[in-house]
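The structures come next, written out as structure tokens.
Here come two complexes built around chain A, the first alongside chain B, the second alongside chain C.
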Partner chain A sequence: MSGENILEVRGLNKYFGPTHANRDITFTVRRGEIKGLIGENGSGKSTLISQIAGLYPWDSGEIVFNGEKYCPRSPIDANNCGISMVMQELGVIGSLPAGVNVFLGRTNQFTKNGVVSLKALNRAAEEVFEKWGLPKVPLNKLTDGMMIEARKIIELARALSVDPQLLLLDEITQSLSLNNRNKLYEIIRKLKEMGRSVIVITHDVEELIQITDTITVLRDGAVVGDVVSKETTPDEIKRMMVGRDISGAYYRADMTPAFGEKVVLSVRDLTVPGEFENLSYDLHEGEILGFCGLSDSGIHAVGKAVYGLARPSSGSVRLKVSETETVAIDRADTALRRNMAYVPKDRDSEALMLHASILENFNLPSLTDLEGKAGYLAPKKLKKRAADLVASMKVKCTDIFQTMDALSGGNKQKVNLGRWLAKEPKVLILDCPTRGVDVGVKAYIYALMKEAKKKGIAIILISDELTEVLGMADRLIVMKGGKVTARIRRDEDFTEQSVIGVMI
Partner chain B sequence: MQTRQKNPVPVEEKRHSQLAFLLILVAAIVAAAVIFNFITGGRFLDGTNILVIISHIVWPSFVAWGLCFLFACGYTDLSIGAILVLGSFATCIFGNWYGYPGVILGGLVVGTLLVFINFNVFAYTKIPSWIAGISLAMIYEAVAVVLKVSDATADLIYAEMDKSLRVLGQVPWSILLLFAGLAAAYLLYNRTTIGLNIRALGGNKDVARALGINVNRTLLGVGLICGVFIGVAAIVQESVAGRTLVKTGLTSINMVFQPLAIVLLAQIMQKRLNVIIAVPICAVIIYAVFNLLTIMGVPSGTLQEAFLGAFLIAFGVVGQRGVKGVVK
Partner chain C sequence: MKKRNIGLQDVVPFAAFVIIFAFFEIASKGKMLSPFSLQMMLDQSVMTIVSGCGVLFVVAMGSIDLSVGVNLALSGVLAVWAANAAGGALLVPVALVTGLLVGLFNGVIVARFKVPSFMLSIAMLIGIRGIVNFIQTNIGTQFIPEATRVFAEGYIRYPLFFVIVAVMWYVLEYTRFGKYCKAIGENETMAKFVGVPVERVKVLAFALSGLMAGFAALFSVTSVGGTTQQMGVFFEMKVAMAIFLGGVLVTGGFSAKLYKVLLGSFSITIIVNGLALIGLSETQYSQSFQGLLLLIILGVTILASSRRRKVPSTLDEEEPDPVANESRGK
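What follows is the complex of A and B.
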């Protein structure tokens, strides 16, 4: 690693109205350095790198890039200077093909006599995918409806197509499955070998220590410390982040499956074409049933199918509603009415109404429960419920009328999860519930899951993070290419090594 | 691979499937026309009737293309009908004064200018476009009525455009204009940076902004493109009809009813056929339905519109069959 600084951030301040999002931020990135940026949700990480990426201007302070004063007017300006970014939540344009998305905003380079050559554009996009070893995506297909992982890969290709001197990655790893995460690590290594620099934001402390050279920790918008990755520990980072000790053992400590005898949900020979086939299992009262697998395993479709959002070609999902009666769950409204809950992986596109308020988002799934006489929804009741949930879920916000798009990823997830937990569902389906949340929120979500388990709520936990399913599940179903390759109980060979063995 | 796309559809294959759909559609229209002809005792495929159909699909196609750009960027403008009226006035007045240069520039300048003004209002006032559009429609309608009742201009408005100036409403010029419009709209929508940026804006304005797309500049671009198509529509409309009627009370919105139906139908088809290509075909389908109903003696107005509504729903149901919602 060279000693020369490629980026110097000096005394940067950013205000959003009364919120002081970044306070006198000062840090440097050396050429060829992989810098980690970590902090709790709302600590100002995304704001900081968004300014570096030219998304918005800072209020005071300065940035020096490549030895020159740097003040980008737009992301294209930043791109032209050699800085590109993969954003946390913003994605791709669904109504445009994947190839166009890779070069959107820069399509002029493929224009001849005013006409964009899609052939040349797709060829260039293909070259980017090949150069960086990215998994292939159908470039002529609209990105609308593509899985979140494919969309992230397109965003990554877009950032790499700039051939950046400095690449900014904002919580991308948690959208990727194990195989593609490893590909991303390879790309980061390759960039380092090329003398390029990378700033990585992730809430996975262990991962951050593993892939970075140095880590800058932010708290409440300010830098609280810089550490060398090799010389630090996850506990030290967590302590710096939250200002107090956080035990690393936020997963379950026991190694015995513990759940009731009663089967609450039976899935039999369920097949969703192109996703998975002949899936059968029983879910018990108070059980956490984990699902894991690589990107083409079909695990994320399992949650959708069980909740009635993906149409199976055969098989059944039956929910036990009384000692003698079961009902078929084939539509989402039936699932909701029968007290099932589903927290999807892509919270911004599939779960939350981003332009609506916290109040509306918290109350939406429970409106029928909150109705008074003649269907009247008393505003006082709605406000009280939202305020209570904001307090109990510790949502950081100005008030219950704040719109969701103003919240950080972790606080959005608290709303997303809290509104279902408040209903005390019979079956709770969680697809990557800790995606994009910090360790504090993560610990809180796991505590909520443990509490829900104690109450007898049956949980399906689908996750791309092996440590998460191994840490929380009673039983684990491992899938590969849409088929079940292993079923492991918590008291059996419940280790990362054994799971990876059947997953790959 | 995480995309779950087991067999991505290559570009060539996609083109072939679009072409196949287009051929099937054209064959279906021809077959329907033969049946219509049989039902109407040979009146539907009569040479004169065919010319009537052709001359009446050109201006709605241009309005529909304009609306395609408008909808692609996620905006709605309810003043398009009023702009069409003013554009037609300008075509008539300037045409009668200056001949063909007046015909072309009159409609084009007024159409482009007014839609461009609208988009300036949308871009800089941040008023929701459908609200601003209604307000602007009322202003434009009032201007049209003032022109109509003013002593200085009433004679000009009531005068028909000289018959010798109306070739753009007649075959073969109208057909040539239609093909030129199709080529221009297709290139602009699918193969230009402004077209892609417009669609990006409608897809997600925040993402578009984050990718460095200048939102306001793109919106003004939509205003210009849409305005040119509306301007040409006004020229052709005036060339076909010779005069334009005007009232206040947002009645000008009726002017865009048929083009709107065309766009809706084209959007139903867009998973199988590019929306710009679908526009003139849908214009033929819709006008043919109206024409058939007229020949069969179905009263124009409410009953014909009810038929058209039912037809759109039926077409939508058929069009969506077999379309997979999710690309994995």
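What follows is the complex of A and C.
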């Protein structure tokens, strides 16, 4: 039996205070099996695999790994047993170079007389990248300034460098663009061929069915179903996750672009060195303008540049402020003052104050509007506004004084989005707004976007999810290597095939 | 709506204050609570509090200003010199402008050239002390002009002190500038991405810290009656200690509250005076004793706040259920 199953989890229970995060979880992973784990935010997936990865102990039950009782004391301990993990929230140390991050906690092997040989370490890191065909990342650079995708790849390299028998991937695909996703799928296939096993967590049901052999569905901390991927459908999985039928139509139904005549924002010949060049476009009132492209296409820098956060070498971003007047947006504080809004991709490190209250997070972008005489910010006014927003955005929390880090990903995103929508901005820039949220919140975010569009808010939607851009945008700009390769309108050839054709 | 959860890390500084106060009150057989002793302790805390109110804005941003001690010395020395040379009317403006300029310089260097504030203010601490020593060896210690002694009177001194504290309280807790400082401390990248003018806020916060050092210099020279050789020595440490002792986290952010400066300053004063009252200050090891007490209080505070932050990193997976969060808040 131990020859067949690499991992057996039996009756596992985990409590966080009174919260029963995992209830009697029992499931097995066979050798060479790709196992999918899916469930809504808060269903206990990450908790489950974090325990397997040795991040924290379970309260009762047992895990058998490789036929032996398994009880890791730390992630390093788990590594030594042959289990490694890529975490959902970012797990690299920003002040260390990429290469060192790959061998974090295991630099001893490169130590001579108490000194770590960076040369040997980087060589070993390079070998890992080559062996698994990972996209190149500058190994000597600090990870601090790197894009979220590069940091994820470093984490993946770290997990693979252990040469794991069992690899745990927690929502990694959502941070990757299409080309690197394909590389990841290849790695997973390779591991399978080698007889290694993988547990994958993702919110993307279609993707999960495609890449896994079997899927275990969790709801409220308990296993509610085990299915074979080939024999199931996305709808069946969604039904199991939520416990009821949910309609699949959360995107727009119409296929005609619909937006106002007025140009709200115009970008001319904008060049940001190393990101993109000579980008020009107009954004209209009530328009959703989509941007898509692979990882080096520069689409994420487009959002930053529009909000005045990049240093363009040439070109201009101009916002219409009245019938006759436009202003240049070259700094973020100008953008804020002129009522623009930016929702960055990396929610936790770029958008939120995790240790501060919901109240403070909600009000930060609107402080100027809330000021009374002598710049007085009346606590009553701030509290009322936050309470109203919590209610209207349906944020699940105990009260407005709760700190952000106690909220689930979906609820964090509601706060992040709600604080901007409440200002009714002229231009709303969304960079991967549904990253790491479950189907329910996703549907809600799309509904909010439709509503904002109706109000005449101009939206720039940058996304790694092609279906999302195709589902929501009026026009689409496809980029590749920092240049525009196609501009497609909703009533033209608006399909995945045609976009992928010009994207790669 | 429920009231804000009160965490252990907010309670400890209060408890420490009460305990040391009670301890010295009993150990000194009630001398601590005499009007004379209380007024003396307030007088001793005034400078720390005034300067601490300014430094608090810097600490809220997750930075530190260790130059307030030498800033106080420079502002004081220049102001007294100017007042003696060209008339008493110059005392106040010269003290304040000097303090402000030093702070402005700090702010520009930190914000524009991204020099870590810790290193910059240590460099300033050494460099400006040199300037102060140079000036003092040339002109010697000086007395303030007769006309400016009025500042030492209670009816000017205390109202001025209370107005300063009230204004700083207002700016920190109820204005955009105060919130922005805290937001930078919570997450500087976030602040930048939201559109907070981070550079400008930093320059202003350091300038404010400098201005408050200028005010502290005024209180210093008027209460002593002139300049001294030891002016401002170790003052920056006392101010920083007061802030952290009051329960402000080194990372700043929304843990920065003005009452904590008052609490920390009084705690320090009580320790120093309490040791004197029970006759320990004459011994050679009284300073070690002060250090030990501070260490214990800080240790407990940090222990309390780190326990609160020890939450599983995958909270994302937990349903924010009301009961669970309450237990986590403690």
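Please note the rule applied: the second predicted complex is superposed on the first by the 500 of 504 C-alpha atoms of A that agree within 3 Å, B and C clash if a C-alpha of one lies under 4 Å from a C-alpha of the other, contacts with A are read in each partner's own complex, and residues count from 1 in each chain.
Note that a residue touches a chain if its C-beta (ideal position, glycine included) is under 8 Å from a C-beta of that chain, and two chains touch if they have at least 3 such contacts.
No experiment lies behind these values; they were computed from the predicted model shown.
Overlay on chain A: chain B and chain C clash in the combined arrangement. In the superposition on chain A, A:21 contacts chain C only, with no contact to chain B. Shared-chain residue A:475: touches no atom of chain B or chain C. Shared-chain residue A:252: touches no atom of chain B or chain C.
In the superposition on chain A, A:364 contacts chain C only, with no contact to chain B. Contacts of A:351 after superposition: chain C is touched, whereas chain B is not reached.
Once chain A of one complex is fitted onto chain A of the other, the partner contacts of A:181 are absent, as it touches neither chain B nor chain C. Counting residues of chain A touched by each partner, chain B versus chain C, the larger count belongs to C. Contacts of A:94 after superposition: chain B is touched, whereas chain C is not reached.
In the superposed pair of complexes, A:55 makes contact with chain B and with chain C alike.
Working note: chain C versus chain B after chain A overlay, options 37-45, 217-225 or 289-297, clashing stretch identified as 289-297. In the superposition on chain A, the residues of chain A contacting both chain B and chain C are 55, 87.
On chain B, the positions that touch chain A within their shared complex are 1-6, 8-11, 14, 72, 187, 190-193, 195-197, 199-200, 202-204, 206-208, 210-214, 325-328.
Of all the residues in chain A, the ones that touch chain B in their complex are 54-55, 74-77, 79, 87, 90-96, 100, 104-108, 111, 114-119, 122, 135-138, 140-147, 149-150, 153, 158, 176-177, 179-180, 274-275, 295-296, 298.
Partner chain A is touched in their complex by these residues of chain C: 1-5, 174-177, 179-180, 182-183, 186-187, 189-190, 192-197, 200, 253-254, 309, 311-329. Interface residues of chain A, counted against chain C in their complex, comprise 16-19, 21, 41-47, 50, 55-56, 87-89, 220, 307-309, 331-337, 342, 344, 349-357, 360, 363-365, 367-368, 371, 375-379, 383, 387, 396-402, 405-409, 411, 436.
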